[in-house]
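What follows is a pair of complexes built around chain A, which joins chain B in one and chain C in the other.
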Partner chain A sequence: MDNRSRLQTLFEDILLLTDGEFRFDLRREDVATWDSLAVVAIATGVEETFGYHMSEEEAVGIQSVPDLMRLLEVRGISFAE
Partner chain B sequence: MCRISCVCSRFEASRLPSDQTVWMLEELLAQVPGAQGVLVVTASVADRVTGALPYRPLRLDEVPVGVPWLVVAGGGRLIDEVKRWRVERSPVTRIAAIATIWGSGAEASPIAVTHGAAKDIAIDPALRPDVRVRWAELADHIPPDLARWACGDTLTHATEGLLSPLGDDALRLELAAVVQRMVGGVSDPADWFDLSAAACALQARASVGLVHGIAHVLEPALWADGRRELARHARLCAAWLAPVLRFNLRASTKAQERFERYGIAPAHLLGTAAHFGNPQDVIDTTDVVRQLWPTIIRDRCTRTNVALVRPGDIDQLLRELS
Partner chain C sequence: MTALHILLERDATPDRLAHAWSSSGSFALLPDRLPISRSAIDAALRLIPPDWHRDHYVLLTSGSTGHPKFVLGSKDRTMALADVLHRVQVLEDVREAVVALPLMYSYAFVNQFIWSLRFGRGLRLTPRLADPMALVGALSKARDAMLCLTGAQVPMLLRAAADMTFPGVTRLNFAGGRFPQELLPTLSERFPHAAIFNNYGCAEALPRLTCRPAAAASESADIGWPLPGVELRSAGDSSLEFRSPFGAVGLIEAGTFRLVEPTDWLPTGDLGVPGDAGRWRLLGRRGEVFKRYGEKVSIAALLASVLQAWPGEAAFHLEHDRSGEIAHVLTIAPIPTREEARAILGALRLGYPRAAWPVRIVGAAALPRLPNGKVDLAALPNLGDGIEVWKQHL
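Right after this comes the complex of A and B.
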């Protein structure tokens, strides 16, 4: 499984998305389940999946899937197709 | 009484990491004259408590708004009702809480749980009782199984608080000390009351995890299904703590790292957890856990578990039962 697939599965599992609901341009305001507890779960899931421990400020600052991809790409985790 | 060998010296109340006032029974009697307080007491200890305290016993719905002191003696559910009553009806009233069993930590925490079709959890500093009164002899009447499950509830609060992603290093150090004390062995009920109060007050500053997510979802479901003996919070926490710990250790390196950092041996913790719970209770509730898994993973406690809990994780969790 590549990093894009891992990221998609992570968001589908945390936000409880059904098939077709995930998009790589998804924003926090697009999804009702992306609440403050989902922020905690995303931080937990990113560490489990990609091995990167987000700071509290970074976790709270993630407002979209592209935000997270940019954060991780700076740390050498590529999402290139 | 808990059937655990005591291998450590007695936990010192003065070391409890809480700024809550703690009184012995004599101090309550000295500080709160009979005319200043009323008493709300649970039925199981009513004779003993009303015989020892000078306060007028009332049902909660009879307590006059504005009474200076409300002394409550009971389990977590009654104490939580009193806490809510104070916040909603009589903010000037001071509460002295006497726990008759450990586990919930309601006498020390700013949390109140409402029991309905689903459990609702309120967190507010104003909910915390002003004074916790130590009267450990009230635990003499507790049946051994209830005491053992209450120990499991206490250990669950401390362990899930320690593992919570919402805690910080200072908080985890305090919770680790509580866990280590419990794993080391505790036999004196007075110590269990103190440990329970500490565990609950501390975890309220972080969060709990999957064990509580399972318990909160199963309690109303089992109750509605007529399986009321199984629908006890402490019993469910005690039963599911060991399997969930094994799940967490397998699903994420974070739990193992945290135990290592704070000097806790997972094998000892698992052994203690297994001692407190009934393995058969896990087997008897597996069907409900599987059926309600979509609700369990949405529970706010589950969502702050140390390991991410995913829709497909139910099979992995159930594999940890063997």
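Right after this comes the complex of A and C.
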């Protein structure tokens, strides 16, 4: 499984997205289940899936899937197709 | 030695039970595998004052606390309850009771054994679900029969029955746990001539408090109306309490005998609230309704939602998450496909905030069961074949 698939699965699992609901440009305001507890779950899930431990500021600052991809790509985690 | 006659389950044939019931002395009906030593049993029964050494009986239950508890019943009160059950379950045309539960359970003891004794009806013992095919055989031969089940027995019975129907069962009672409301259409197909009832009570009530026709409600938490003479109340924390003219007259617990006065309110061990038109609604067992991240979580409500989306078995147990918050784990059987797990999660997403979602879902080949068919909750956290199929990352 590549990093894009792992990221998609992570979001589907955390936000309980249905098939076709995930997009790589998904934003926090697009889905009601992206609540404050989801922010914690995304931070924990990123660490478990990609091995990067986000700071609290970084976690709270993630407002979209592209935000997270940019943060991780700076740390050398590629999401190139 | 105690002054009471002790009857162990293996010796409790209907004839011996009938003899113990009709003789004037009090007796105790106990399981073969005693949860405490025989000397502790004798010591506990010796606590019963002499006034109750006649015309009474004792059953042993885990009760609402999970600790062994002796429940002292009055033969007269229990006969009166059998009369009430005869009326509310409309049993006049029923000719026999097919027994699929141990007779030492107050449910089967009163609703089947005592009822059959009181009204001179047949009593057909079966190997229960220890031999599902024998039970299926007995049901297929039944005529104008009453069957008493717990919800936990239904999946096993349906598996054993394959596509068979049981037109000879005309009354199907449920008690002793959550009523499987979502299986009502299936039950109506398999028991096409049966009036189905959801009964509610507890061991201390010996055992019945409410009854409703299954089709009179759409959710399992609806326990219907109190039996005539039974009073229910919801205490400040929603603890469901009762007073019953049929209930226990004494309790022995932790080395103490307690006389139950007619004015005493006893806890059922459940949380409940009044509903519409005199009905009552369960919120869950005490300890199964809690706050998680500020949200009220009801295990009973969650389980009902899960079973709407999942045709297999399901149960929850509690643990703590990384933040120290109380968390609930859902175990389902058999092991679901990813799509099946997503269907369950979709139902949870629609109906509940994130805090109410389980912290993870574990799939297993089968849920661990106690001898009475109920899920062995203590074994859920350590399932050898459990596979994590989803988690919240919390």
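By our rule, the second predicted complex is superposed on the first by the 81 of 81 C-alpha atoms of A that agree within 3 Å, B and C clash if a C-alpha of one lies under 4 Å from a C-alpha of the other, contacts with A are read in each partner's own complex, and residues count from 1 in each chain.
Going forward, contacts are C-beta pairs under 8 Å (C-beta built on N, C-alpha and C of every residue); 3 or more make two chains touch, one makes a residue touch a chain.
What you are looking at is a predicted structure, and each value in this text was computed from that prediction instead of being measured.
Chain A superposed: clash or fit between chain B and chain C?
Clash - chain B and chain C, as placed by superposing on chain A, overlap.
Which of the two partners, first being chain B and second being chain C, lies in contact with A:18: first, second, both, or neither?
Only chain C is touched by A:18; chain B is not.
For A:60 in the superposed arrangement: first (chain B), second (chain C), both or neither?
After superposing on A, A:60 lies clear of both chain B and chain C.
Determine, for the stretches 7-15, 79-87 or 277-285 of chain B, which one clashes with chain C when the structures are superposed.
277-285
Indicate the residue numbers of chain A shared between its chain B interface and its chain C interface, in ascending order.
Looking at chain A, the two contact sets intersect at 13-14, 16, 37-38, 40-41, 44-45, 48.
Per the contact definition, I'd like the list of chain A residues that touch chain B in the complex.
By the definition above, chain A touches chain B via 10, 13-14, 16, 37-38, 40-41, 43-45, 47-48.
Enumerate the contact residues on chain B facing chain A in the complex.
For chain B paired with chain A, touching residues are 165-166, 251-254, 297-298, 300, 303-308, 310-312.
Under the touch definition given earlier, write down the residues of chain A that touch chain C in their complex.
By the definition above, chain A touches chain C via 13-14, 16, 18-19, 33, 35, 37-38, 40-42, 44-45, 48.
What residues of chain C sit close enough to touch chain A in their complex?
293, 322, 342, 345-346, 348-349, 353-355, 357, 390-394
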